[in-house]
Structures are given as C-alpha cells and as structure tokens.
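Presented below are the structures under discussion, each in the form of structure tokens.
In the two complexes that follow, subunit A is the common piece, with subunit B as its partner first and subunit C second.
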Partner chain A sequence: MSEVKRKYVTPGELIATGNYKPISNVIKVKDNFYAIKIGLAEISHEGIRVIPLSGPYIPKVDDLVIGKIVDYSAFSWEVDINSCFFAYLPAQSVFGRNFSPDRESLPERFSIGDLIYAKVVTYDRTRNPILSISGHGLGQIPKGEMVKIGPAKVPRLIGKKGSMIKTIESATNCRLIIGQNGIILIVGPPDGVLLATQAIRMVESEAHLASLVKDIQSLLSGSREV
Partner chain B sequence: MVELINEKGLRIDGRGVDELRPLRIEVGVLKNADGSSYIEMGKNKIVAAVYGPKEVHPKHLALPDRSVLRCRYHMAPFSVDVRKPPQPSRREIEISKVIREALEPALILEEYPRTAINIYLEVLQADGGSRCAGITASAVALADAGISMRDMVVACAAGKISGQVVIDLDDTEDKEGDADLPIAIMPNLNQVTLFQLDGIMAPEEFEKAFNMAVSACHQIYEVQREALIDKYFGKGEAGEE
Partner chain C sequence: MSAVKRSMVVERLRKDQMVELLSKEKRLDNRGLLDLRNIVIETGVIERASGSAKVQVGNTQVIAGVKIETGEPFPDTPDKGLLVVNAEVLPLASAYAEPGPPDEDAIELARVVDRGVRESKMIDLSKLILIPGRKVHAVFVDVNVLNVDGNLFDATSYATVASIATAKMPKLFVDQNGQIKRTEEIIPLPIKSIPVSVTLARIGDVLLVDPTSEEEAVMDARITLVFDEEDNVCAGQKGQPGTLNFDQVKLAANIAKVKAREVRKIILGGITKDAKG
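Take a look at the complex of A and B:
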C-alpha cells in the first residue's frame, strides 16, 4: 500500500500543489488544491480528498436511511430523512404494482410519526429522493432507542468493514441499525442501550482521533466490569 | 472636535495606527443551530448562527439550480447606548444585504439546489465595524455548519482619522473620522468580496488603507482558522477512516 498523507484542513486551505486527481471536497484552482470543508485531508496516489467532519446529509442512491413519516397523499408518503430534502415513499413500492387508492389506505400501513428503515432508490439534484422498503430488514421499525449523530461521522461509526459497529454490538448485546443520514437505532437490553449510546457519543466527539478505537474498547470493557 | 490621535501617535483607546482591537472567536456556541460562532472584536460582541441547507419557505423562492442564501443582521435593543427599537431598520436591512453579498462568492451554493441557507447575526454590543466582525463570524459559522466553501471570508475596515490612515476603526473613530473603508476578502484565493468607502481619501491614502486592511484581514484569518481547528481537532493525532 502506498503512503497516505493526512492533515487537518479548514475551508480554503491549500492542501497540495501539483498533478493530482481531486476526489471529494476539494477544488482545483490552476495547480493548487483547496479544501472546501473542515476535515481531514488525505493525499494518496489515487488523488486528494477531504473527509468532512460536519455537514448536512446529501442522499445517495443505495443509501440505507432511517426516516420518519411526516405526511401522506393518495399515492405516497412524505418522509423526513434528516436531510435538506424530504424523501417520498411511493405507495406502489409498498402495496405492489396493482396499488389503487380506492382499495388500500395509506395511513393503515404507515401513519404519521412512524419510523421506517428504507433504501434510497433514486435521487438526483433536480428531484427529491425516492425510497423503497423492499429488501431484507427494511420496513417499519417497531422498537428501539434512537440516537442522532452528525451524518459526516457515520463512516467512522461503521469502521473498516463494519469493525467499529461489530465491537459495540458484541460488547453491549445490542443490535445497531445505522442510517447513512446520521440516525441510529439501538435495540437490546436497557443497560446495553445505555452503554451503546455512550459509545456512539464518543465516536461522534472523537471521530477525527487516531486513538478512537482504543478509547471505545476501554469504555466498553471498563463499563462491563461495573 | 475630539483628538483622535495624540502627539505620541496613539489612538483614543491606546492603539497604534496599524493595530487591531483584541479579537476572540469561538465556534459552536449554539447547540440548536447547524453552525454557530461568537466573535468579540474590541467591544463588539456578535453571535452568528447558520441554519441549513433546508427546504425553502415560502416555496416559490426556491431556485432550481442552487441554494438561496439569506442573511439577517440584527442589533439587539441593548447593543448601543440609546435603546435601539428592535424592528429591522433601514441600516440593518442594508447591512444584511451587504453581508450576504460578501459571503455569496465564497459559498458553493450549486451543491444544494432547491434549498435555503439562513444566517442570523445578532449584535449584542456594537462598537463600530460590526459589519466586518459579522462577516468574519458568519464565515466561521458556515464552516462549522459544514457548507461547502471555496474559501473563508474575512473582513476588516481601514480608514482615515486626523489625516492619518489607520485600521479597524471603532465607533468614535468611525463617526469623527474622515473616511471608512470596510473590505472583505477571500484570503487564500486573494479576491475581494466586499468593498465600501465612506468619506474622502486621496489616491495614495486609499492605496495605503487598502493594503493595510488586506494585511489585517490575513491576521484575522489566522484567528478564524485557529478557532475552527481548536473546536474540531483540539489536541490529538489525525485518525483514519
């Protein structure tokens, strides 16, 4: 593996000069690369990217999100997905292609205030995202504790190939459902939920530190003895 | 007539001609806002809050290709020595517009189509140069909110008092002085985003004032940067994804 150089950057800060490929959160002015967000800049042979430490959730196709039903019409539900855009869940994707507003009633399936775990199926800049609940584990969320973190910190909570989430799950006997939009649902015994919430809060506040994994492990093992 | 510069070359508050007032910036002071900051520039105390991007209300104001930036500069009734009525005055509406236009070039609004970004500036105590301090604080709050920015924006005023060119005028100097030149720049891209001049300056005085204001902006930028670094990174080693 080639070497990756990291540094802290603020918007407008010069990251590097030369022939690189801008990957994300970087602008190129002549041969200079500037960060456009506060975060960690990574310079590697692939190019330059900035891992942001704050920012809104911008939907991406295939993202799994946790949303709250806020309204419904005859053909779709409106879902708040903690983003600057409301998402729509079309009734056809829930009731099937033969859906007819005469036969089925939307609020009987999901009413306002219900939480759903859903997948973003289409989104582009011109239209609001459309969700789907067809897929394993998707659909209404019956129970659990909801925790909100900054959407920019979700990748860190998941960890490399899900390592962080596995650590938290096995130490607390809880199941964590993570929405890419920064909403996390914890299901499990009450003391486990408490510990998992603490761990998630720690990930949020120490997301940029190299010592995070160690700190989380000591939090989880320390509290287990108590 | 007030003596603005004494025989030792010091200004009424004891500063030299090229000296800034004490400056302090804090990031993330408001929990409910998406991004926030607090600035103290001399006796100025300003809180900046950023909300957004979020859906636009009323809906017809939304733009299909980019976000709408809205700014509200407001002075608290207790911010000046004679109570200021709380409703937006002509001056506040104008300054809101000026601040918005100073920040707009730095923001990549095309990234958030059909949304709005709202900036609220609350002046708790005013002492001249509050529009500049407001711009500086807004830029920090926008960065805290994680909105894509080409560069930070920093503002500082220069001016002429008692025939001498000085920087960072306070209230008395602004009122009694001969000229006031507030500017805002994007320090890394080296571009000017706000440029106002009130009063009369000779071309060479103007040039001197402009250069002094630009170098003051660079000093303020360092404070902005440190405030952000301090909030987000504190101490500790850079981690990995």
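Take a look at the complex of A and C:
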C-alpha cells in the first residue's frame, strides 16, 4: 500500500499540485487541487479527497438511516431524514406489491411522529431519496432515547470496523442504533443511556482529535468505578 | 414543494418522554415547570436605528429596531401619535419558515406584541403630536426573528419594549409658518410604563412557562399575558385549539404575575446598561 498523506485544510486552500484524481470536495484548476470544504485532506494513490468536519447529510444508496414520519399520502409516507431532502417510503414496499389504497390504510401502520430504521434504495441529486424497510432489523423503532450528532461525525462514532461502537455498547450495556444521517438511538438501562449519551457527545466534540479513543475509554471506565 | 405550510413534528418517543417527565414536574431540558430560560438583552445594537435591542431567550433570538418619523395621524385618533409594530420570521431562523410576506403566525406575533405595548400605555402617544390632526410622530418597530426555539411572543415583546425604551429622536418644533423644524436636542420617547409579557403553555393538565419549540409543537393551549408595573393585566392572547378552564386561567395569571416581576428586572437591567454606555 502506498502512503496516505493527511492534512487539515480550509476552503480555497491548495492541497497539492500534480497529476491526481479528484474524489470528493476538491476542485481542480489546471494542475492545482483546492479544498472546497473545511476538513481533513487525504492524498493517496487513488486521488485527493477532503473528509469534511461538518455538513449536512447527503443520502447514499444502501445507507441505513433513522427517519421520522412527517406526512403521508395515499401511496407513500414522507420521511424526515435529517437532510436537505425529504425521503419517501412507498406503501408498496411496506404492504407488498398488491397494495391498494382502498384496502390498507397508511396511518395504521406508521403514523406521524413515528421513527423508522430504513435503507436508502434509490437516490440521485435530481430526485428525493426513496427508502425501504425490507431487511433484517429495519422497520419501526418502538423505544429508545434519541441523540442527534453531525452526520460528518458518524464514521468516527462507528470507528474502525465498529470498534468505537462496540466499546461504548459493552461499557454501558446499551444497544446503539446508528443512522448514517446522524441520528442515534440508545436502548438500555437509564444509567447506561446517560453514559452512552455523554460518550456520543464526546465523540462529536472531539471527532477531529487523535486522543479521542483514549478519552472515551477513560470516560467509560472512570464512571464504571463510580 | 407543497404549498401547505410545514410545522414541526415531534417524534412520538420524544413526546412520550416529555409527557412522562411533565407528570413528575420535570422538563426535557432539565428545567422545572416554572423556570424561565436564560434571558439576555442587549440594547443599541443597530447603529443607524433610533433604538434597537437584541434579545435571547435560550436559543430563541430576536432583533428589534425602532424608526421614528413624522406622519399623519389615523382619522379616528387625531390626538395621538402612531405606533406600528411589525414582525417577520426570517427563513434562516427556522426550518419551517418560508421566504415571503409575514405569514399568519408572524402577523399574530406582531399583533399580540403591539397590543401589549399599546394597552399598557407604554408610550404616551398624546405627547407625540406636532400639529393636531395633521402631523404627529410615528414610531415604527420592526422585529426580525433570528432563531426560533419557542416562545417568540415573549422574546419579541422584550425586544420591542427594550428598543422603544432606549429609542432617541431629535426634538422637533413647529415654526410660525407651520413648518416642522428639527433642533439639535436629542430626546427619548415619552415612556410611561414597561410592559412585560409572559407566555404559558398547557400540555395535558400541566401549565409551564417559557415553552421551547418542541413543547410548542406538543402543547394543547397557549396563553400570553402582559403586565404593567402595578401587576395589572393589560393585554392577553389565547392560542391553539385546546381550551383553558377558569381555574387554569387564574393559575396562569398568578404564575405569570410572579414571572413578570422577575423578567422586569432583567429588562430594566438591559435598558439602564444602554443609558450608562
């Protein structure tokens, strides 16, 4: 594997000059690559990308998100997925191909204010994303405490191969459901929920620091002794 | 985009949690039922306005500016100056605010705040006359909501009151030819009292003060009461489809009276800071 170079950049900053491929959040002017977002620039053999420190949730196909039902029509629910787009959950994907608005009533299944765990099945920038709840563990979320963080911080909360999430879960006896859109649900005993919330808040505020893993471990182990 | 106005939907889980906490006299943000959020009042924030104020109530932020001009009085009140309060919720203030002319909620906001200032006789409008029936001072208050997190009525009222109380204008006089001339002297508006508005929300059987936007999205009924210095109720507004029975209104008035005294000190603090600076 070739070496990956990282540095913090601000919008307009020159990241590198040469023959690279722009991947995300960079623009190429002649042979110069400039950042268009504030974040961490990565230069590798694949190309140049900037991992933003903050920003809205931009849907991606196959993302698992937590959404809130805000409205419904005869054929679909409208879901707030904490993004600049509203998502749609078609009734056909819930009731099956034979769905008919005469037989089935949408609000009986999901009413306004319900939270659902769903997958983004189609999305391009010209149309609103479409969700699906067919899949293991997807569907309505019956209980739990909701915490919102910046969507850009979600990868850090999950950690390498889910290491961060496992650390928090095992220390607090809670189960965490993470939506890629920055909404997290914590299910477990009240003390654990409180501690997990603190840990998540810490991940959010210290996401850019190298000492994060250590700090989280000391937060979790420190209160375990109490 | 649909033409229907969107409003905030509170997650059912969150709503259940809120109702459970309220039954234990607690709130989602750890406040007690009768605790106000932190109120910060800054005056003189707009340099070119006659008077101005920025108010924060928790995360709610409102800015108000006063412009004093001369104009013709309304035909039915030839012996009074003009007072016009206008409020707008900027699209950047909330995900649910749309650009364009003020919607019905913003109009209600302006009307309720205007009523509080007018009916408390805060400004002695009869002293704003230059030529009776023809020329009077006109006081325009424009309020912009910068961030919405509930209780816009109170935040807007505090900003309006603080900006009017600190407004200054050049002294005008009428010469022998009936012409209006300005003097070098700068004078404040004729202020008679300081009204304080307090809003309560009813969720279930519980009355709470200073609701956040989450609480406003869940509330059944809302009542705003405005008090003058002698604890007289001088204006009020009831909102939302839910009802308030007689005992609840009495209780609301008693709570609001005590809270109004608390807020009055903060408003007076904000106003006097400006006078010193």
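Everything that follows uses one rule, which is that the second predicted complex is superposed on the first by the 225 of 226 C-alpha atoms of A that agree within 3 Å, B and C clash if a C-alpha of one lies under 4 Å from a C-alpha of the other, contacts with A are read in each partner's own complex, and residues count from 1 in each chain.
Throughout what follows, a residue touches a chain if its C-beta (ideal position, glycine included) is under 8 Å from a C-beta of that chain, and two chains touch if they have at least 3 such contacts.
Please read all numbers here as calculations on a predicted model, not as lab measurements.
Engineer: Mind checking the superposed model to see whether subunit B and subunit C fit together on subunit A or clash?
Structural biologist: On the superposed model, which is not a single observed complex, subunit B and subunit C clash.
Engineer: Tell me which partner A:Leu115 touches in the superposition: subunit B (first), subunit C (second), both or neither.
Structural biologist: second
Engineer: Looking at subunit A, does subunit C or subunit B touch more of its residues?
Structural biologist: On the superposition, B touches more of the residues of subunit A.
Engineer: Based on the superposed arrangement, let me know which partner A:Lys68 touches: subunit B (first), subunit C (second), both, or neither?
Structural biologist: second
Engineer: Does subunit B (first) or subunit C (second) touch A:Lys7, or do both, or does neither?
Structural biologist: A:Lys7: touches subunit B, not subunit C.
Engineer: Regarding the shared-chain residue A:Ile27, is it in contact with subunit B (first), subunit C (second), both, or neither?
Structural biologist: First partner only, subunit B.
Engineer: Clash with subunit B: which of subunit C's stretches 6-14, 24-32, 42-50 or 186-194?
Structural biologist: Superposition on chain A puts subunit B right on top of 42-50.
Engineer: Which subunit A residues contact subunit B in one complex and subunit C in the other?
Structural biologist: none
Engineer: Which positions of subunit A touch subunit B when the two form their complex?
Structural biologist: 6-8, 10-14, 25, 27, 29, 34, 36-38, 40, 51-56, 58, 84-86, 125-126, 150, 152, 155-156, 160, 206-212
Engineer: Which subunit A residues qualify as touching subunit C in the complex?
Structural biologist: 68-70, 80, 111-115, 141, 143-146
Engineer: In the complex formed with subunit A, which residues of subunit C make contact?
Structural biologist: Listed in rising order, the residues of subunit C that touch subunit A are 6, 9-15, 17.
Engineer: In the complex, go through subunit B and note every residue touching subunit A.
Structural biologist: These residues of subunit B touch subunit A: 34-35, 52-55, 64, 106, 108, 111-115, 143-152, 186-189, 224-225, 228-229, 232-233, 236-241.
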